[in-house]
Amino acid sequence: MPVLAVNYKAYPTAFGSAGLAIALSAEKLAEQYDGIVRFILAVPATEIARISEALDKVVVYAQHVDPVEPGAYTGFIPLEAVKEAGAKGTLLNHSERRLRLSDIDLLVRRATSLGLETLVCADTPAAAAAAAVFAPTMVAVEPPELIGTGLPVSKAKPEVITSSIRMVRMINPEVPVLAGAGITSGEDAARALELGAAGVLVASAVMKAKDPEAKMLELAEALAKAAEKQG
Amino acid sequence: MPVLAVNYKAYPTAFGSAGLAIALSAEKLAEQYDGIVRFILAVPATEIARISEALDKVVVYAQHVDPVEPGAYTGFIPLEAVKEAGAKGTLLNHSERRLRLSDIDLLVRRATSLGLETLVCADTPAAAAAAAVFAPTMVAVEPPELIGTGLPVSKAKPEVITSSIRMVRMINPEVPVLAGAGITSGEDAARALELGAAGVLVASAVMKAKDPEAKMLELAEALAKAAEKQG
Amino acid sequence: MPVLAVNYKAYPTAFGSAGLAIALSAEKLAEQYDGIVRFILAVPATEIARISEALDKVVVYAQHVDPVEPGAYTGFIPLEAVKEAGAKGTLLNHSERRLRLSDIDLLVRRATSLGLETLVCADTPAAAAAAAVFAPTMVAVEPPELIGTGLPVSKAKPEVITSSIRMVRMINPEVPVLAGAGITSGEDAARALELGAAGVLVASAVMKAKDPEAKMLELAEALAKAAEKQG
Amino acid sequence: MPVLAVNYKAYPTAFGSAGLAIALSAEKLAEQYDGIVRFILAVPATEIARISEALDKVVVYAQHVDPVEPGAYTGFIPLEAVKEAGAKGTLLNHSERRLRLSDIDLLVRRATSLGLETLVCADTPAAAAAAAVFAPTMVAVEPPELIGTGLPVSKAKPEVITSSIRMVRMINPEVPVLAGAGITSGEDAARALELGAAGVLVASAVMKAKDPEAKMLELAEALAKAAEKQG
């Protein structure tokens, strides 16, 4: 089942009623594409509780967690905090929030033991392969120079996707690879699946869309069709 | 009106129902001491929304914010995020989450323009005075070597409190100074007020207490009496 | 005596024979302007020893130090390290290497006790004033948006210089204020002195000059004349 | 040829004449064990030039480099800086100076293209394997809880060494694995080689020794004998 992961980032539309409205749209679509497309929303820490409570089919992720256990860590967000708020997983190592190698190791291990999913971002095939060593739930490869450009990685740098998939498979064939950066249309998403990706990670395409629901529908429908074609 | 500020940190009791129960106790006391003691709870980012919705008299703070504006900042928490979630202010520069000088400058300015309070922590009289230059709502002086020890700053290092108050007044007489670090009893809190502090910032004393409500009551009552004595 | 401080940054010309050649030019000028202009070169950590050994009149600074004491800190550079290598002082808190408030406090205190000078950078008048609380040897105010632009702060934002000087004087009248950002000509430097600055902090103007010696001569001569005029 | 790598850290003996004396001792031993044991000294950035100039057989490394290219980066140390100062390689990701996954990727690639060696530290077998994906010159596995304890990893956690070697070989059989943490005697070093390590990374054992030369001799002799036994 292909993955449609939407990173809310800290866009103005990520917070409060705007963020909740996008989440409710995603929920509607997740019901419609139940068993066909898996919806993930990576929301700001402050919105996890409110959005998690309102959703059922959509999988809510944190965008980042801190490599600490619960304790005297003012201003830190441990894995337990996002789990308690309702998150089922977390992004790790997004290009805007890179983590140290040893912290990715630690966080993937701790998340797994807490029953939380992990989606580790990487900017190169080698970094994606290194991340796969830790056996996260998924990795996403995103050439940072394309993030937010509207130049889809699946067209501008398809070899980054295919190399990442090849290298990740050599390390750990069970880790699915998502494609990210510059993906804005159903066509881009479908192309990513044809290249071997297990789904897409998008942000501005949805969060800055005039009609976020229509955009998510377009992406979901394209992923569904591309997945069906692959049989 | 003296301030009783409780920093939840990331203690196990900070999250979910445990964190909410402490907040509801604080609300009860805040009603009881309405106009007499000002209650502030600095809660984890993931709990701001749930706790804010449940409280009225207590002032809810974030523990930290990131020095960014809303935008493409995955995993960051701008001031707008905590405001949208219901916070009325934020701790800044806690010893476990120190900020750069220029970011304190920026964040105090932006918080003020957004109508959010700021409580800037500092570890020395000079750092407290430097923070006061930015005209935050309050500063708190906490010698880090006493944090979590149960050795109250008001007894172990009273000169840190009095020096901080003197230096802050020279910079900006309108910035109240709270005392923190090692304060665990009503006596410690009263002593801080006698030294000239405008209140106390506590954490483990409440968060690790067998009976957090009783501990908050003890602290509030001592602050109320000490303030009354001062006329 | 006005200060001409040149920040080598990590420009290609900062290292090896290129960096040494600029240092030897500065030494020649420092002899020529002995007692008239004070020359400071802030050089990369790896070049402090070689450049210090070759110079006499010029004051060699580090560009940054880490807030640690000598010990088990792989890859860190304590104050003792730059002193041992021959530095007489250090920049702190440059806009490209901001420090935490508490680390500036600590480092200025430790540097002073080790007999090292400190030049603390700041981006706003308030930050300059806050830095002045710690009584560093000097502060430099540099609006980051002008750094490297060639738009001189002394023309584009003269009020930043004058406000900084006014606010710093209120805190600590003994801390001289240098002007930085966009200063590329003798005229810019002279204007900074006329505004009340005690000198200038430049980088690209010298390090990217076709003839760094000629550029330093131009700046020194302008500073000398402006200082003479002030009598 | 087994490797004896000594990390100077920022110990008081790392700087100035003390650091140079240890380097000259290492040079003497490196001549004595020429072709038998490879000596690497990872020295503070400020000492690279002085120590490199004085040595011939010993390989001088930096302890850390910053993930930037030469340019406007005040206080940063790019690879080009340590190369220009005479270093032949660099430690990366030491437990006291962890790097982000993407920066290890970038730095190993850039170092290789500049002809510099890289020795990437890791705290777990999985992290060592992830580092091996980037094909550094070597990796070193060091359980942080043993660093500086005198409890040798080769005795206290031999399985960390053997697991690391096994996992690294699966990723990239050409990357040698050094053992570090708690190694203080020739016996510990010999044991590491018997477990399959290609050498040892030590710090306090030499830097805090009453007689650093005697300690390096002990370690070198043990490595030489253990290597000879392996044929």
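Order as written gives the chain letters A, B, C and D; numbering starts at 1 within each chain.
The working rule: contacts are C-beta pairs under 8 Å (C-beta built on N, C-alpha and C of every residue); 3 or more make two chains touch, one makes a residue touch a chain.
Being a predicted model, the structure only gives us computed values, none of them experimental.
S.K.: Roughly how many whole angstrom separate the Cα centroids of chain B and chain C?
M.R.: Averaging C-alpha atoms per chain gives centres 37 Å apart.
S.K.: Taking the mean of the C-alpha atoms as each chain's centre, how many Å separate chain B from chain D?
M.R.: The computed centroid separation for chain B versus chain D comes out at 45 Å.
S.K.: Listing for chain A: what residues touch at least two other chains?
M.R.: 95
S.K.: Could you classify the connectivity of these chains, where an edge means two chains touch, as line, ring, star, complete or other?
M.R.: Looks like a ring, each chain touching just two neighbours.
S.K.: Every touching chain pair, please?
M.R.: Listed in label order, the chain pairs in contact are A-B, A-D, B-C, C-D.
S.K.: Chain D touches which residues of chain A in the complex?
M.R.: Contact set of chain A toward chain D: 93, 95, 98-105, 122-124, 126-127, 129-131, 133-134, 167, 171.
S.K.: Would you tell me which residues of chain A are touching chain B in their complex?
M.R.: Of all residues in chain A, those touching chain B are 7, 9-12, 14-16, 42, 44-50, 62-64, 68, 70-78, 80-82, 84-85, 91, 94-97, 147-148, 203-204.
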